[in-house]
Amino acid sequence: MIRFECDYTTGAHPNILEALVNSNTEACPGYGVDRHCEHARAMLRELCLAPKAGVHFLVGGTQANTTVIAAALRPHQGVLCAETGHINAHESGAIESTGHKVLGLSAAEGKIDARQIDEYCQSHYDDVAWEHMVQPGMVYLSLPTELGTVYTLAELEEISAVCRRWKLPLFVDGARLACGLAASDITLPDLARLCDVFYLGGTKAGLLFGEAVVITSPTLNKDFRYLIKQRGGMLAKGRLLGVQFEAFLKNSLFLDIGKKEVAKAMRLRSAFEKKGYPLFVNSPTNQQFPILPNEALAALERDYSFEVWARVDPDHTAVRFCTSWSTTDQDVDALIEDIRRL
Amino acid sequence: MIRFECDYTTGAHPNILEALVNSNTEACPGYGVDRHCEHARAMLRELCLAPKAGVHFLVGGTQANTTVIAAALRPHQGVLCAETGHINAHESGAIESTGHKVLGLSAAEGKIDARQIDEYCQSHYDDVAWEHMVQPGMVYLSLPTELGTVYTLAELEEISAVCRRWKLPLFVDGARLACGLAASDITLPDLARLCDVFYLGGTKAGLLFGEAVVITSPTLNKDFRYLIKQRGGMLAKGRLLGVQFEAFLKNSLFLDIGKKEVAKAMRLRSAFEKKGYPLFVNSPTNQQFPILPNEALAALERDYSFEVWARVDPDHTAVRFCTSWSTTDQDVDALIEDIRRL
Amino acid sequence: MIRFECDYTTGAHPNILEALVNSNTEACPGYGVDRHCEHARAMLRELCLAPKAGVHFLVGGTQANTTVIAAALRPHQGVLCAETGHINAHESGAIESTGHKVLGLSAAEGKIDARQIDEYCQSHYDDVAWEHMVQPGMVYLSLPTELGTVYTLAELEEISAVCRRWKLPLFVDGARLACGLAASDITLPDLARLCDVFYLGGTKAGLLFGEAVVITSPTLNKDFRYLIKQRGGMLAKGRLLGVQFEAFLKNSLFLDIGKKEVAKAMRLRSAFEKKGYPLFVNSPTNQQFPILPNEALAALERDYSFEVWARVDPDHTAVRFCTSWSTTDQDVDALIEDIRRL
Amino acid sequence: MIRFECDYTTGAHPNILEALVNSNTEACPGYGVDRHCEHARAMLRELCLAPKAGVHFLVGGTQANTTVIAAALRPHQGVLCAETGHINAHESGAIESTGHKVLGLSAAEGKIDARQIDEYCQSHYDDVAWEHMVQPGMVYLSLPTELGTVYTLAELEEISAVCRRWKLPLFVDGARLACGLAASDITLPDLARLCDVFYLGGTKAGLLFGEAVVITSPTLNKDFRYLIKQRGGMLAKGRLLGVQFEAFLKNSLFLDIGKKEVAKAMRLRSAFEKKGYPLFVNSPTNQQFPILPNEALAALERDYSFEVWARVDPDHTAVRFCTSWSTTDQDVDALIEDIRRL
């Protein structure tokens, strides 16, 4: 069984694991104020050209999303988000558990645009019963989206501008940002410049776990560590996050991993296309969504794990194949060969 | 200016006001354990043929909805509801403020049906990522709906059956139940038999304020008074609710008021139809939604207040006219005459 | 049975009731934007010498406390409060239900002082684990306190100064403020000047219900109506609050009622003291707490209702007698006579 | 600098680290349903003699506490806890953030007893205003407590009995349970028999991170994975928890680690006592709290890190020294020698 079901099937990239092993017996203070965390923070600020940004290392994505959103909103506010967004669909109501509504916007291929945000806000304040409705209080995007698609820099700039006009903090979920950076024209300094907060995900790019939250808004950054603690995200051995991110950021390993994940996914995509299987969504990143005839699906399930995404018609099913840091050329070759033979 | 904008523009029906005035100097214990509340509870239990039901008097509808729903759900559960439902659209995120997602279902004319509920539950548990999604935990209906439409007894029985199959408590918001009972084949005993909890609204049917929550589920009723207190709904002078509901229930005054509100609304509806104005929704209750040419809207706005509901096209707008306990025949006559003249 | 158990046993003061009856058939817009509410707001701003203050009418005290506190705090913050404070002891966890810890301070006769607040804040930030503890985020006082005691103007000025130094909003719960104003040297303009938010309670001073929240902090006032709606406090027939407060504020009726409640309570206090019964707490307002021999308690229970407050020793019990707007001279005379005879 | 400030200064015990390295490239499904997690679950059930218990692996203690408590309580309920308990003092209001009050009980040396619980419940229901107060809904203990003390089996049995009489789920926080088992007469089967839920902590006993929550109450266990996800505790690479706990449970390594931590702490304790320094609390576990003259404190601070606990008088300070899995005999020898020389 070769696993393409997600990008977190294996442990850590060798550089990450080595760093953990080498630092194992070093005694450090707890809770993320050790020298490794401080160093990793400085490295990330420098990569972002954001010398004053707050950088906080959290364990996972749902935790990061919940902590950031609950920190940013007042009680009567909600967060605008693609209907397909992770916080709306796959976090068991984590955002609502902190008291806030997720305001879903219809999303073509997982993306929303500046015009939708603008119209939502305008129509909110135009409504005679505006005070009886949840006030839009921030905007959440993912890069890449749940469907593997990416925003262009021009799109992100438009969204950022409309957010600033409506005074809405802009938050980019970067659980797969390594791939997003590899497959878009957006850079870390762009994110630092255009967002109020975003994160660079490690879990899906070769860390054991870990997400680096970058906060450029001083208001939002104030007292953020209290909130991390309150939401259960203050890792006692915080140094584990610092050590991993030092290795992840060193020589931009994250970008290297992102590029390799994407390159392998492009080889798979090409094999599906050659076979004549259409794509459910046009994803340029490490998640690929071919629409398979059901018998092809059944055949591939024997040797490969992947995720069933959506029934397209009685005979065809969209599925998801993910590449990860540990996907080998042999894994990809084997799958391509088996696709060819279908 | 004659006001048709809503059904809470005036104070109390004369019988209600008289009861308040007459009991004004009587000294009672606070918080709803006085003899008037006890009497009104007994009257309502009898009308519902539900001798063991819990009956709780709350001040308003949002308060009732929030208290009931937060009482019924575990933290990972959400409430199924028409997308247009009051809790989803017009309570400023009250339900989410208690930690729960509102799971909106598409709604034809404000109503949902048994099949939708069944399919939602089935697809939830069929999803490989079910534990990453909000669990459907109860069903919320309104009778009448936000759009004035009503369920039939047959529809309610089907919904109740599917709820029981999935073990979902069924909750009926009866903010306008007086009209709902007047315009449907559903009775109070039907509601007590088919729901776990529902309420008979007084605010929109001639009380100063007040909603009578009837809970037939012993599990849900347990400790409910703590929850009323916690949600800010425990009125110090609780006797005001008891006194009003005694008068409201006596000789089924509520039903009389409901019937009169509906009769007046039917006269308006007929006038709009005669004029050739289509109806935005086919409502048999005290809310009527004609689609007006914009110049007719402008003309009527001079002497009447009503609510703009939706832009239908650049030249036409759906509006809402409400009748209330205090709408007089003269009010209706005047409006009908002005419609005729448009 | 003559009721002294609380100050909300009867309905409304005649002036209030008359105003409700007279305005009963007037049609008004809902939700507190009618002319009565606007007028009452203007009257209260003028009484407070606070022309820019936000004024919001809510139904009850727990609702007011919860809405104000949840509006003011960020998620990691708690509210400092006397251990005996209403929000800590008698609101079924309403504050915690919005996500915030009540930080109880030891309280002599229900009061806290500026030094306690200062020391709490200093020791919070001095603690090495400060970010693992709830941050003090605002201060809650009651005037009068749960035990009927009042702050002096000098005490309130000191508390206000320390709050401003630590940037903590100061909130005064005025559920019984009519008595507090009658029995202290503090005025409405003092409260508007020294607090960020306070309320003038009507429920316990002759209204059917209603609390007038005055917010002098523009930050806190922003979007406050959304929060009222979300917490279930947006009364549909909001005019009922406006009409009552117009009558309550006219010619300072509230102060007149407060003075009379206090005067009657002082007569009772004097009778207990003459009889040689000590006072559990030295209250200058409408709540009196004599310590009765248990046989005296039993004797008085036959004709009077009052509240058992605390067992002092096996033979003595502290109880609470409350006077209200509707307590008559005859009621007081009868009780004094029966005390004398004990 | 030799670090005695806490028991999470270093990485993982060699057996744990080796297991992580060895399994690093194995591809597993995510979210804790892999073969390592399943195996570790079975091992722990067997050690507990609880074949039907739910076992869930979470990342940290605050997360475990919050998830368990929010799962167990209805909205009007709070959790009884020693005033010094971690959830009351050092989780930044995590429990309150889920809507629940922590009901603090006075605690001698960190412990509460059966009588206190019984009296609290009795007095709650005896209070005339019981429904206006937070209902006691569960009991939280720590073993060992924040002050290093342990319950005896007899004490735990009494507490369990009183909890069952009042129908309160009993929850034992076992963040340092390895030491608690080493230093008390309580066993894992006892905990499984007497509690509804408890956890065996790994973070403070040689894991990188991880707490194993054992739930013997079927009601509480139902749907628990939704709640883990919602609270941000569903680790994507869940196998990391399974792999670590397999090694931790194998041949009862956890107990071996606990015993060694305790043995080293006893050597320290003895050195302090020989020097004539009294102990702030009589702890039989890996946390020791000597009261040092301030000049001794200053002298030790030069070469050792430890935590300042409480000022005892102007000249003396209670401090905390912790031993951990990685504390060496040389570390202890060096400190003992320096204590002797003071």
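The letters A, B, C and D name the chains in turn, as written, and every chain counts its residues from 1.
Just so it is clear, contacts are C-beta pairs under 8 Å (C-beta built on N, C-alpha and C of every residue); 3 or more make two chains touch, one makes a residue touch a chain.
None of these values were measured; they are calculated from a predicted model.
Enquirer: Could you tell me which chain lies farthest from chain D when each chain's centre is the average position of its Cα atoms?
Expert: In terms of C-alpha centroids, the chain at the greatest distance from chain D is B.
Enquirer: Return the chain pair with more inter-chain C-beta contacts, choosing between B-D and A-B.
Expert: If we tally the C-beta pairs in contact for B-D and A-B, the bigger total goes to A-B.
Enquirer: Express in whole angstrom the distance between the two chain centres, defined as the mean CA positions of chain B and chain D.
Expert: Taking the mean C-alpha position of each chain, the two centres sit 49 Å apart.
Enquirer: Could you give the separation in Å between the centres of chain B and chain C, each centre being the mean of its C-alpha atoms?
Expert: 33
Enquirer: So how far apart, in whole Å, are chain A and chain B when each is placed at the average of its C-alpha atoms?
Expert: 42
Enquirer: I need the residues of chain B touching at least two other chains; which ones are they?
Expert: If we look for residues of chain B contacting two or more partner chains, we find 75-76, 91-93, 97-99, 131-132, 135, 226-227, 229-230, 234.
Enquirer: With touch defined as at the start, can you tell me which chain C residues reach chain B in the complex?
Expert: Of all residues in chain C, those touching chain B are 1-3, 5-6, 8-12, 17, 20-21, 23-30, 59-63, 66-67, 91-94, 97-98, 203-204, 208-209, 226-227, 229-237, 239-240, 305, 326.
Enquirer: Write out the stretch or stretches of chain D touching chain B in their complex.
Expert: Residue list for chain D touching chain B: 70-71, 74-76, 98-99, 131-132, 135, 223, 225-227, 229-230, 234.
Enquirer: What part of chain C is in contact with chain D in the complex they form?
Expert: Interface residues on chain C, with respect to chain D: 75-76, 78, 89-93, 96-102, 128-129, 131-135, 307-308.
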